[in-house]
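A, B and C label the chains in the order they appear, each numbered from 1.
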Amino acid sequence: MRQYFPLCIFLALVVLIQLVTQITETAFYLTQLTMSAYYSLLIIGLCTIMGYAGQISLGHAGFFAIGGYLSAGLTTHNLQPFADTGITSLLDKAGLLVSSKDLYGDTLLTVHPWIACIVAISTAVIIALVLGGPVLKLKGHYLAMATLGFGIIIFRIAMATPYFGEADGLSGVPSFTLLPGITVSGDFGARIINYYIAWGTVLIGMLLLINLVNSRMGRALSALHGSEEAAQAMGVNTARAKLLTFVLSAAYAALAGVLLTHYNGSIGPGEAGVMKSVRYVAIVAIGGMAHLWGALIIGTLLNFMSMRGLFGSYDDAVFGIILILIMLFAPQGLLRLHIWKHIQKIKPKKHGTA
Amino acid sequence: MALLEVHNINKRFGGLHAVNDVSFSVSENTIKAVIGPNGAGKTTLFNLISRNIEANDGKVFFQNKPIHSLQPYEIAQRGISRTFQNIKLFHGMSALENVMVGCHPKSRAGFLAGILRLPSSLSEEKMIRERAYEFLDLLGIADLAHLEATSLAFGQQRAVEFARALASEPSLLLLDEPAAGLNIYETAKVAKLITKIQQRGITILLVEHDMSLVMDISDEIVVLSFGKKIAEDHPAAIQQNKEVIQIYLGEDDA
Amino acid sequence: MNPDLFFQYMLAGITYGFLYAIVAIGFNIIYNTTGIINFAQGEFVMLGGMFAITLNNILPLPLAIAAAVVITMLIGALLEILFIRWLDNPSVLRMIIITIGLSILIRELALHFWGETVFSLPYFTGNELSTVSILGAKVSPQVLWVIGVSIIMVTALSLFFKFTFTGQQMRACAANRLAARLCGINAKNMVTFSFMLSAGIGAVAGSVISPITYTQYDIGPGLAIKGFTVAILGGLGNSVAAVIAGLLLGLIESFSIIVIPLAFQEAVSISILLIILFVRPHGLFGRSDTASLKEF
């Protein structure tokens, strides 16, 4: 149970921050905090494949984009003109479509957000499965380039496909009612509930990953990171372990994409860009690679600061510099600098989390 | 009946015929050693059996079932465990965690069970931890359990690797130069340990340089030279074998 | 397709092919001495072009290019000395992240200095309208410049590696760094030199190609990934094969326009990269058993 203790602190902190913003009337911070939460969801997933299993992915923005774009496309494109075709009417009869009125009073027939969400995440999972098989056989530079290549392909597809709005992206994405009364939307009035939806999702995501890294499979992942040959000699099916983790992290990224797109009401090709993927990798590295809490904390802080515009037009440059400095001087991550080790030593600690 | 049978196994690296048509077998609950001068192909032979290297041709049977087309992890699951010549511990993990990974083949909790923390996986986790402690204890290094494995002294790392290999409760244990880099005193300890392992009913195949160790503990010895098997016999007979003496003396003289 | 159009596609393919080949050779030079893939390789091409363009305002073209190449080489050396030289046996992952960080930094600095404006050098001879007639087809003289300079560069490089002492030292480092050091070769200097050389040829390529493809602060990553594709196609470390592979990729890309919309052109070359990584990671011309000996 001791590994859940930080989760409780985390939950308390989430509530505390919300209360503070309410008292100080700075609730506008909640918007960026909510967005940070979704990015953090992707980042903790990436942390698992990169930090624990030791497989770099420079294509995770691609999975985010698959989630966001598919869910946006399905929930915004009007199927009314095709209402009479076989498939559409079949879908409609199955209750998978919703109709609404647009600004001009015309009927819009679109896919239900839940269905869109499931389709989007399943697609990301299937692509991760298909791609992961051959990609995860590669190592080092080859793996980095292959995942980078995958990211660029997704970016190019988003940029060149009219269905995905080309350079403009998609906007007017409707809100997403998860459960009655719980709706992901960017409405001003729904700010607080959305803050909690987002951080609740991160909390559950974190819980599952903490379970994973403390389990038999988590140990197998750390082992294959240490020495793939020795892990195999100990009976670990390393290919399978890597693939499942890759797929899991892709699902996290896609879910983050779906939810953030509904929250923002739009998605653009920038979300699929290479710089986004690099940024996520940077955050995992700064957090200390095999360190879920580090990734979460750093991810939230940096994304929040970035979205508040603290880095101005030097946004990418800041991430570049941080990336280099960390890799030069603290390759184990900020939270693993020696100062922290000494602090940790003071507290008696039984078993490490990794 | 032989536990492990190797039939006409071959491995070529470009022009080098590293293992040339080698056949031998290992009987149940014996200690068998593979010896030979440097570059004789001993470690290659080992890697062929554990499938870290793909053989050009040849067959390997374990418990009468072919294993020469399995993946390395499947070999481990069948009950063959190994150590490495240049110790391969998992860095960033404690000695205990290293040994816990060794329990992998004998435990079942999968990805989903781990993520969802199912009760079955929890009880199994407890069992794995206890068993890992047992094996550390067996090797007399239980007090090192929570230290980072790769930061230990060389001899201690060897011991952790031993414990890790034993933790999978193998029927056959492959030891790749278990005494390499150890002093005489430590080597004697390793010899005792290997005999102790054999007494637990585990068959052992080892590659070794140290002649005294091999002669002391082995039931049978295979001698390799330039990839070819030149002798296979009891230690006493090997010591009398002219060809073997020639190889070793010839090398020493040079 | 009419023969004239076919010829134009082919020329475009060859021009880009040489550019990719030069970037790939840049990868190879650094990879051979260090085992590092320098993700900032494309930025050298951009810097070469940008410096030449800026300096051309005050200097005549040949001098501007020469100065641009020298400056880029110095930057290459500086990057190595500041960010790589003193690292003690860094992991591959660490090197990947550092060179990615460098590429971002260079790009952002370039954005700061030159903005998002698209620049280009003037045509070396004539202008964009002038053509030379070869076998009845019209060819822009700049295309001949690109082809000519590339061929000279590749030849000079192979002569350099074969016959000069420094070149041989670099090859020794590539074959076995430890052994080279034991023979008294200063491996660290060779690494710095490989960064300079690789930056230099990138800058030359960046200048020569600038009149045709234009230069902008963000052309680096695209070039890097294509250069890497070519390096892999030819087999990492093999520079002669890189030229053949470069031409192959250039031609495939150029002719792919017939069947696939232009917007997907980059996706085509990356798909080729993925396929080659999955099927023949040791390259079209490499041998799998020797490739497996390399550390990836």
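Here is the rule we use: a residue touches a chain if its C-beta (ideal position, glycine included) is under 8 Å from a C-beta of that chain, and two chains touch if they have at least 3 such contacts.
Bear in mind the structure is a predicted one, so any value in this text is a computation, not a measurement.
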item: Innermost chain, taking as reference the mean of every protein Cα atom displayed; value: A
item: Chain whose Cα centroid lies at the greatest distance from that of subunit B; value: C
item: Separation of mean Cα positions, subunit B and subunit A [Å, integer]; value: 43
item: Distance from subunit C to subunit A - Cα centre to Cα centre, in angstrom; value: 34
item: Where subunit B and subunit C are represented by their mean Cα positions, the distance between them in whole Å; value: 47
item: Per-residue overlap in subunit A, given as positions that touch at least 2 other chains; value: none
item: Contact set on subunit A toward subunit C in their complex; value: 54, 56, 58, 134-135, 137-142, 144-146, 148-150, 152-153, 156-157, 159-160, 274-275, 278, 281-282, 285, 314, 316-317, 319-321, 323-324, 327-328, 331
item: Interfacial residue positions of subunit A with respect to subunit B in the complex; value: 208-209, 211-212, 214-220, 222-223, 225-227, 229-238, 241, 244, 248, 290, 350-352, 354
item: Footprint of subunit A on subunit C - complex, ascending; value: 37, 83, 87, 90-94, 96-98, 100-102, 104-105, 107-109, 221, 225, 228, 232, 261, 263-264, 266-267, 270-271, 273-274, 277-278, 281, 295-296
item: Residue numbers on subunit B that touch subunit A, as the complex places them; value: 50, 52, 71-73, 75-77, 81-82, 84, 88-94, 96-98, 100-102, 104-105, 107, 109-111, 113-117, 121, 124-125, 128, 146, 164, 168
